[in-house]
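Scrolling down, you'll hit the structures one after another.
Okay, so chain A shows up in both of these, paired with chain B first and chain C after.
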Partner chain A sequence: MSEEIKTTALGRFGAAFAKFLAYFVMVLFSLMTLYPIFWLIMNSFKPTREFQVSQLGFPHVPTLKNYGGPYGAWKLGDFDKLIPNSVIYTLGATFGIIILSVLAGFAFAKIPRKATKLIYASFVIGLLLSVQSLLIPLFLEVNIMGIYNTRLAVLLVYIGAGLPMGIYLSTEYIRGIPTSLVESARIDGAKYFRIFRSIILPMTIPVATTLAILNITGIWNEFALINILVSKTELKSLPLGMYRFSGSLSSDWGKQFAALTIGTLPMLVFYFIFRKQITQGVAAGAVKG
Partner chain B sequence: MKRLIIATLMVAVVALGAMAQKTTLNVLYYVDATVAGYDVDQAIWAKFEASNPDIDLQKEELFSEPFHQKMQAYIAAGTLPDVFYMWPSGRSEAVYEKHLAKDLSKLLGADFLKNFAPTATNPKALGDSIMPASQYQAIIPQAFTLTTAVYVNTKLLKDNGFAVPKTYADLKKMVPKLKAKGISVMMLPDKDGWPAQSCLFSTISGRMVGDAFIDQVKASKAKFTDKPFVAALQAYANLFKDGIIPAEDMNVGYSEGTGLFAAGKAAMYIDGDWRTGGYITDKTSNTALISPADQESSFDIINFPSIPGEKNAGVVSGIAGVGYGINNALPSGSAKEKAAVRLLKYLYSPEVQKIRYESGAYVPTLKGVTGTVEPIIKKMAAYKNAVAKTTYVLDGVLDPSVFNVLNAGLQGMGLGNVEPAKVAADMQTAMDAWLASKK
Partner chain C sequence: MARKKRIGREEGRAYWMMVLPALIVYMLVLAFPIVLSIVLSVSNYNGGKMFGGESWQITGFSKYAKLVGDPLFWNSLKNNLYIVLISVFGQLPLGFIFAYIIYRKTVKWPNFWQGVLYVPNIISVIVVAVLWSTIFSPKGPLGEAINSVRFDAFHVKIAALFSGQSGFSITDDLVRKILDIAGPKASAIFTDPPAELKDFLASYSPDQLQQLITDMTNMFVSKWSPTFLGIPDVAMLPILFVTLWMWTGLYMIIFLANMQKIDVQIIESARIDGANEGQVMRYIVLPALSGTLVNTAILCIAGSLSSFSLVWAMTGGGPNHVTEILAIYMFNNAFLGRPDFPLANAIALVMVTVSFILIGLTKAVENKFGGKGE
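And then the complex of A and B:
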């Protein structure tokens, strides 16, 4: 009897300790994630000279000069032009990737033909290619096609680059949908596109959400491809503007941090607005996909 | 009504004519927006655009690796911009090898070139000794860069009873007293890997083995493992062993160094001549890391003190600076070529070079440029005038596969993790591999 009470007390202590440990680890990791963002935003309000002698302290007299004015990060980085471009590229390419991936995924998973395996493999092999290996061939292609320095080139390349992962995830996800649903609809006389629109598309929302999350963050932050696809400031995107502030001989840290804050903020806003959908989308995509 | 239509048509024709006459000039420029004097730099370009309405300047600004990636892509596609930023040697190797830049000596003419320092218009002196293709006037270097300059806090030294050092022994004497106060004798922020090689060891190498030795190594007639070169590495390692430079500096970022030095954390600071721009008054915020009054009274710039065993006393590592190339594909006498020449003549004009000089960017190769500058820039000009002979900057004459090994080795020696003989052996292995790849 006494032994049983001892065990229970120990058990309670153990449970409390485990709970404490779990919270401790979670708080620690949360701080490790949030502190750099806080540090970045805090230092963006310091003059560079102050940052050079005090990197961890709060700003003595917070200033907005790093952001505004004729020599602030907003003007120097041309962010008024770059942010709309980033929105266009990110939303346009993500939409294109999702639609084409789900359409292709339906075809690969539910409309088997002799060439299906070969075509599917030729798309998925794209997962193995590094962006660096494609830079010069893509630059040559867009030049030959006469679309260098156009938004079309950026959208086409982004969609092309996103399709291997999109098609892979969509195909695997749609394979999990019972084929009997498609066959029943065919028996009822439905064409493939009608089946796609009425049956498949509503069921692929989880994988579409996963694709949206992956591509929105990826394209928003993409640098290497857009660097070689456009040269006009009017066509550049946010990462190119942010990179203008990251010289190895940098002396103006204040503006650099302001530029990084401007670049990070839209993604943070996006996360706060859609955090519920993002969490659900990742979970659904992961479980069902 | 008829008259109105005719007048409108005439205006339209004139406007179309003016538009048709506008020449588009594509320029690939190398700059980052955080560099000191960026506002001044932008104003220079804006003035050219304003005073040349017949030229449509399409300027693409990139920096560091993205610049080189884009350049590589342009070269591969054969779509090089009309005017582009380029280096006098290895970093623009592909441009030289394929002769993608026009010969400026023919394009700009002798009358224009005679305004520059003779070395700037001597292609044989500018080009890389191992790359004959680079030995033509593809660019006019805007400046000559001394990659070693010792910035001295003279007030700090005086307050502690020391004079400005002239020898290695003078440096050693300072260690106990300054160390006890938590002050470094010399600061060398090398977290980024290149400053130790570019701003210090190249000068040590030049003084102890000289350029001829490096040429011999490149010709397989000597080896980095030979005693003199190992001794040069040892001289560098001794700076850390003797406490003159703290090992902790190997973890200090290049951009952090100036602030720490200005805050009195070190009596001396090792950097290149370009760093004056970081200390002078920032015109946008009207603040200076070191005020002009303090620059005058409490700071100086000196040559690195003499090193025991040096053969070439006083030499300093130096290299020709960057310039602008014109695309060789532009047809001779074309409107584009004329526009490119006009841009180059403007960029090298006394007006622009004076602005560059006053903003602390560099001391120009264009003769006779003077201006109102802060004391530290005057002191830098005096230091540069006093340097009688320069020596190789090693990352300018060795292949990256070799100087990257050196950079890592210098960091290791600074931290006390590796011996000079091992660094020399690793460099020779890398050199042998590079030589074999060239056969």
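And then the complex of A and C:
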């Protein structure tokens, strides 16, 4: 598009130099991003004794010992419990966020009520609030309610934390759907729940997808909140399980790397498949006025 | 009339049935904890059953006074502000540059770069923290990389003394040259360097020259052991670096998505009229993104002030509290040793308040300087 301008020798040189610089920056930062992850995965196939003498080289004889066996990371880290838990929390909370948000979003956008202004504003303020700063009061509250160390507590907190964004995005989205659709259905005598189910819900698939993308990655990796909500191994999620490998097991590098690799791979695969949707979802989630 | 009333009632019932589930959960998770922390921060509640257990009462603002007088609080706040600064003035500009390079098609394969630079965002912060604290530890690859460079350089120097020789003879001149190269390291190893080095050389036969050179290099080269996270003065630096590493890709994605909304024709016609890249950026792209910049700054500030996991898993706030941030300071007061829940709640409120103040400041800056491009 800028071919016309590159007529002078200086202009051509400048453009070539800019191009070189741009590639240099991109390659440098891409290497800085990928190499540590590659290094982590590579070293998970090295026995700890080999790692202690050579941290940079390829494994002489790649081994799966760090992963499997009675003393492997899989067993030590209880990954057979962590992974199902993470799946339950992630899918459960994501589903809850989407349903509650779309329902409330429809009411805010299409059912005229005086209360909407205040309630909706209170959700939008929540966008600026990070639930993480409320770790301690949340911990106390969960204890008062008697749901410490339950899946319910985790799901409740995750859903609550995701609601401001969920409600904001779905309300704005449903506002964009022509009100005449709702009005004509009302004139035909349809109830609001029916309108929601048969007209609105199918139309909110794009915003539901965005919410799913935003929350799946966020909840799968969440650590600070669940850290104060559960302490039983049977209820722990992947990040909690992996955190153990930074403490008591941190000098057995081989196993530590194996554990981190196990915890990272599912999301890497997810990202690899849904990269386009993830990037679009993230961009949509950040657009707020 | 009756029909209208019935419809109105159905409308109200539907409205509340749709809004209440979300509202109740939201109240439980955000509104109630805030109220709880306001009450507890001015009380003497010390754990135990809140209702029906030991009695506790409102005792006033003494915890806030304690907070202000605690150097650890100010240190945590300072560290949080470092994280805010690296986020706003590091992540955002860098993310903007990446986005701009990709947007202006200066490089090929836009999806590839975008995809790669976003990867840190989809990895658990725990993995990132453990990974990088290993890299910055003495057992990490940095030490090995630097030391192998040093080893090679030293090896060349020692080998130069024997250049062209297949064997060696022990002379005073040789011993002196070796000691010159070894420097202070020699006197750290030997009590009487020249004599002992001679003995050492004598223990090798002349045909073992290569072995001798390697062994001497190993002995005399000074090894570097990276212990960034253990040294109080610099322990924050790796944390700031990893913060930058982790989140820059997120802002790149956000900026890029907003740049792609700009009408391409505006830029093309500006270029045809003779505007250079710098002018395009200054007069077209930046103004169009001013709103996005403010929003991302707000996102950054809110996230930075409440961040917990990265530092928790990298250093746990150590060594000796130097890398402590507000969330960890709060966590420690609530769970370490004798729990001080009122103080912890006071800290929670300070975190919320500070982030609202900073967000307010950002908005004020926008109102003052912002060319509202949207």
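The rule is short, and it goes like this: the second predicted complex is superposed on the first by the 227 of 289 C-alpha atoms of A that agree within 3 Å, B and C clash if a C-alpha of one lies under 4 Å from a C-alpha of the other, contacts with A are read in each partner's own complex, and residues count from 1 in each chain.
The working rule: contacts are C-beta pairs under 8 Å (C-beta built on N, C-alpha and C of every residue); 3 or more make two chains touch, one makes a residue touch a chain.
Nothing here was measured: the structure is a model prediction, and the numbers come from that model.
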Touched partner set for A:243, first chain B, second chain C, both or neither: both
Contacts of A:136 with chain B and chain C, given as first, second, both or neither: both
Which of chain B and chain C A:263 touches, first, second, both or neither: second
Residue contacts on chain A - larger count, chain B or chain C: C
Contacts of A:253 with chain B and chain C, given as first, second, both or neither: both
Contacts of A:111 with chain B and chain C, given as first, second, both or neither: second
Touched partner set for A:232, first chain B, second chain C, both or neither: first
First, second, both or neither for A:29, with chain B first and chain C second: second
Partner chain in contact with A:49 - chain B first, chain C second, else both or neither: first
Partner chain(s) touched by A:160 [first = chain B, second = chain C, both, neither]: second
Residues of chain A at both interfaces, chain B in one complex, chain C in the other: 51-52, 135-136, 139-140, 143, 223-224, 227, 243, 245-246, 250, 253, 256
Contact footprint of chain A on chain B as seen in their complex: 26, 28, 32-36, 38-39, 58, 60-64, 66, 69-70, 72-73, 76-77, 79, 192, 254-256, 258-260, 262-263, 274, 277-278, 282, 284-285, 287-289
Residue numbers on chain A that touch chain B, as the complex places them: 47-49, 51-53, 65, 69-71, 73, 76-77, 135-136, 139-140, 143, 148, 223-224, 227-228, 231-232, 240, 243-253, 255-256, 259
Chain A contact footprint on chain C (complex, rising order): 10-12, 14-15, 17-19, 21-23, 25-26, 28-34, 36-37, 40, 50-51, 97-98, 101, 105-107, 111, 113-127, 129-135, 139-141, 143-145, 148, 245, 249-250, 253-254, 256-258, 264, 267-268, 271-272, 274, 277, 291-292, 295-296, 298-299, 302-303, 305-309, 312-313, 326-327, 330-331, 334, 341, 344-345, 347-348, 351-352, 355-356, 359
Touch list for chain A against partner chain C, complex: 1-2, 4-5, 18-19, 22-23, 25-26, 29-30, 32-34, 36-37, 39-40, 51-52, 54-56, 96, 100-101, 103-104, 106-108, 111, 113, 115, 119, 122-123, 126, 128-141, 143-144, 156-157, 159-161, 163-164, 167, 191-193, 196, 217, 220-221, 223-224, 227, 238-239, 242-243, 245-246, 250, 253, 256, 260, 263-264, 267-268, 270-271, 275, 278-280, 282-284, 286-289
